[in-house]
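Look for chain A in each of the two complexes below; its partner is chain B in the first and chain C in the second.
On to the complex of A and B.
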């Protein structure tokens, strides 16, 4: 138990800001996962590996002298096609099967991606330097790296863009229709196969954006994908399926909660406390649902 | 077509049997002493695994071309059977078993990393196979009472000990305030234990003691605490990821601390990836090319550096240098034992007391090398942004004066 944060209250502002900025970035990854889960009923274990691959795209641009921020545009375009490729090769064979099969399949993809990235890019931890400075607030007592602010802004832009696209475009409507009832959508002339492929592609593109942002703010390594998968999974669970605004709130909430846990309980309990919160939320949900008698035992 | 396939399969099977038969009764074959090694050529340790292998190969080449090993009046040459352990401890243990029971290897070289060495040591111990390892520094390797394990490197708890002692010295002998962040893995936690010991002995106080989860990519909370509490020394150890994350976020958050000490700067290519932001960081290293140790085979660190660079096209990190030293230790032990009896070689290894280009080597009863101190180098950059690692402690080998305290970010 550490009381530093109460002795130096300005740290609460720092912790909240850090948590929110981190949470927004994670929410973007979770957003893709929620979309895909809702539409295709697939939990993508390879989500984090797609993020890392997106990060490598930005990193290689940086190596060749292009500013890594351009990765935010290039990476999703490449990743969209990578996503379509994965769908055509593997996912379309498991999309109608039960959840367990899709978890196994994407777990396999995850391992394959890790090894391939390790083989192609080497086992060194790398990062791309954006050269963005620092924003100081409250007489220099709260510091926010501009790279994290940049990451949060880009994440918000993409998230809003996606919501608008889902509402207005033809494909967006088709995706929503398929999510509601795939069979009915098919009968009414929606090419669900195409919708699935596009959904997987969009998810991969979102991962690409997030990866590019992570290469600027954190570090990239072929085996670092899994924590991103787990985190986005948790965000989606807390938000509840099909609740896209909830994803943003739960992403930020978990981010802030985690930062405070770090200050108060200690860094070693940071991840553990998030899992504890997850368990509590699930138990509470079950309790609430069983009271409403909507929950079938 | 079927017959053709059959013939191809048959011929390749025969070829495979012939090619492996020479090693299937290996230990000492003709004039060759065959050593076994499992190193990480793929998987997450593959970069350092390759450094390890290159270090071994360089020493084998050198020893063989300079007359080999003389045992019982006869001259022998070294040869190594390599397997790829895929950076996986289970695989490493299997391969140790295979090297010993199938390939008949009677002497082993270590893998890369503490974790893999920990997996292999029980196997080599069971069969009484002497293993000289160069890349497993975890303290727990040397407290299990292993009799056949010898490490040419200093144990992990000594990595940053010298940094704390230097800080105390600069503080006029008075204790300092230490903030530390260590990843939760065997190696980093051993480094942490070393700091705790050093703090106790010097009367220093640990004001932040963060244990970073392995999954964590973000040290913002730790660094905000550092900003608020203003320690004299910040110590960070979390492999290459930890080193890179720390430097990035210290620069971004403009954390001013008089001394920053860390591990894995070499492996993280800090100065290349971060340039001037990495300036003034103090890094623990097992070896540096400017140290003045000498031996007959590689002469000294500078010559080793030049020869290695010529052979492999990149400058040797300390992981390569210590791996080369392992072979020198084996050669010395074989000659003193004047036998290939495993027990005799083991006793000769235990009695090792020699100087190599890499440092003095003398084993404690636990198997760790106690006569070679760690060195600290500081990243120092010139105005053009080119950075170099300069040894600053211990003073005996210092090629530059320690810059202390680190200038504030606002003054840089």
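On to the complex of A and C.
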């Protein structure tokens, strides 16, 4: 326990700002999670590993002398095809099955990815240096790296772009129709197989963007995927499926929570506190619903 | 029929008792196999019979591991100094102290997780389906991360369990842990087999098939779910305690709360053998262990890749497991009366 943050109130501002910027990134990943969950009824445990893979793409561009910010464009394109590949190989066989089957199958993918990334990229913690410098606020007492601000802005642009795409484009309409009622959509001539593949691809692309941004602002490591999955799962269940403003707000809330937990409990308990928060949220919802004699479903 | 079963059980028992002397080089492997079978059987109580797919039984396993080692050390020496000194021991257990400590440690390792399961059961088991799965996954990982930050049990640097005392024979250590795990396995099997022949199992199956209807029939489902989880926790804790002594070193995320290995293994073994059967987990665990050891030896470094592929393949193409496949093929052996015409009609319908 470290109560420094209560003695120096300006640290609270710092933690909140950091948390909000971080939370926007979480919200972007959670958006992808909500999309595939809503459309395909799949919980993808490998979500976090897709993020990390996207991060490595940006990191490699950085290694070869290209500015990692371009990863924001390149990574989603590559990740889109990775997503389609995963869909064709595994996911299309578990779409209509029990949810637990999909959880376990994606868990397998997650382990596979973790280890393949470990082979390919090594077990070191890496980051792609963007060289953006920092911004000082409040008489230099709050320090914000510009890369974090950049990441937040890019995330917001991608999120808004996707929302507009979902509303306006033909594929977006097909995806929304499939989410509402896959059978009816099929009868009306929507190729649901294609829609599912595209949804998973878009989700992977979003993970790619988020991963590229994470590799610029934070660090990446082959085994860091699972916490991102859990965070996005948590954000989705707090916000509810299909509630986009809710996803954004609960994402930022989670970011702020994490930064405060980091200051108060210490960095070694940071991931632990995220997982514990998930358990607490689920238990809280369970008790709240059980008063109405319902349960989380 | 009874005679046939008796012969099977007796031959397994005799083989189990003789195994460490027939294959002296594989004693550690056989002990691990026993622990794996215990884990698969206990996972099957929820995952197979009750329909609650838990990723969190690793919590009880890890808890048992830490508790057993802590009690074994803490009974005779200051625990904090023990973990502080790491590998170089200034404290040495006498044989009497070691066995006494291990016995008490195992008892604690079994009982405390049972109580923990009872306490958290009411909250966690109110969740259903995938929420339960993800929640227990979170619970297991959180336990690993948090125990990795606690100083007194070694934090990040790990916890060395007391070394086996020198009591003459070099083979004694392996034999001791083998018989510990084998006896626990027999105990687990007998308990689970006997509860599977009671009304309790029917209630668990009713919960799996339709919990709302089971409740409407007047079954207090929550009570049964908690009891089922507590039984699991008891044997998971026991298995963890033995495994801790066997491995000799406890690390929070790599050995004790190892969701990536043990936590998935127990699910996978039960599914491979066949969920919801008594023998399924036993067969699944045995095949899995043999396969795994082969892979771990010949494809060193690629084992997780193989594991990932294995999970995907089993889950997609083999979700019913070996027992399920056998049951489909030879339903008569499982005591099902089959009408040949009806069966053909069903095949045609498919």
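Keep in mind that, in the parts below, the second predicted complex is superposed on the first by the 252 of 297 C-alpha atoms of A that agree within 3 Å, B and C clash if a C-alpha of one lies under 4 Å from a C-alpha of the other, contacts with A are read in each partner's own complex, and residues count from 1 in each chain.
By definition in this document, a residue touches a chain if its C-beta (ideal position, glycine included) is under 8 Å from a C-beta of that chain, and two chains touch if they have at least 3 such contacts.
Source: prediction; values computed, not measured.
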Inset, instruction - Could you say whether A:124 touches chain B, chain C, both of them, or neither, answering first, second, both or neither? - result: first
Inset, instruction - Examine A:187 and indicate which partner it touches, taking first as chain B and second as chain C; both and neither are also allowed. - result: neither
Inset, instruction - Classify the contacts of A:222 with the two partner chains as first (chain B alone), second (chain C alone), both, or neither. - result: first
Inset, instruction - Determine, under the contact definition given at the top, whether A:101 touches first (chain B), second (chain C), both, or neither. - result: second
Inset, instruction - Considering only touches as defined above, state whether A:145 meets chain B (first), chain C (second), both or neither. - result: first
Inset, instruction - For A:287, decide between first (touching chain B), second (touching chain C), both and neither. - result: second
Inset, instruction - Have a look at where A:8 lands relative to chain B and chain C in the superposition and call it first, second, both or neither. - result: first
Legend entry - Touched partner set for A:271, first chain B, second chain C, both or neither: both
Inset, instruction - Report, in rising order, the residues of chain A that make contact with chain B in one complex and with chain C in the other. - result: 115, 118-119, 226, 230, 266, 268, 271
Inset, instruction - State the interface residues of chain C toward chain A in the complex, per the touch definition above. - result: 53, 123-124, 126-131, 133-135, 137-139, 141-142, 144-146, 148-149, 155-156, 260, 264, 267, 271, 301-302, 304-305, 307-312, 315-316, 319
Legend entry - Of all residues in chain A, those that touch chain B in their complex: 4, 8, 10-11, 14-15, 18, 22, 115, 118-119, 122-127, 129, 134, 136, 140, 143, 145, 147, 214, 218-219, 221-224, 226-227, 230, 259, 262-263, 266-268, 270-271
Legend entry - Touching residues on chain B, where the partner in the complex is chain A: 42-47, 87, 181, 184, 210-213, 215-218, 220-222, 224-225, 227-229, 239-241, 244-245, 248-249, 252-254, 267-269, 273-275
Legend entry - For the chain A and chain C complex, residues of the former touching the latter: 43, 90, 93-94, 97, 99-101, 103-105, 107-116, 118-119, 226, 230, 233, 237, 266, 268-269, 271-273, 275-276, 278-279, 282-283, 286-287, 290, 295-297
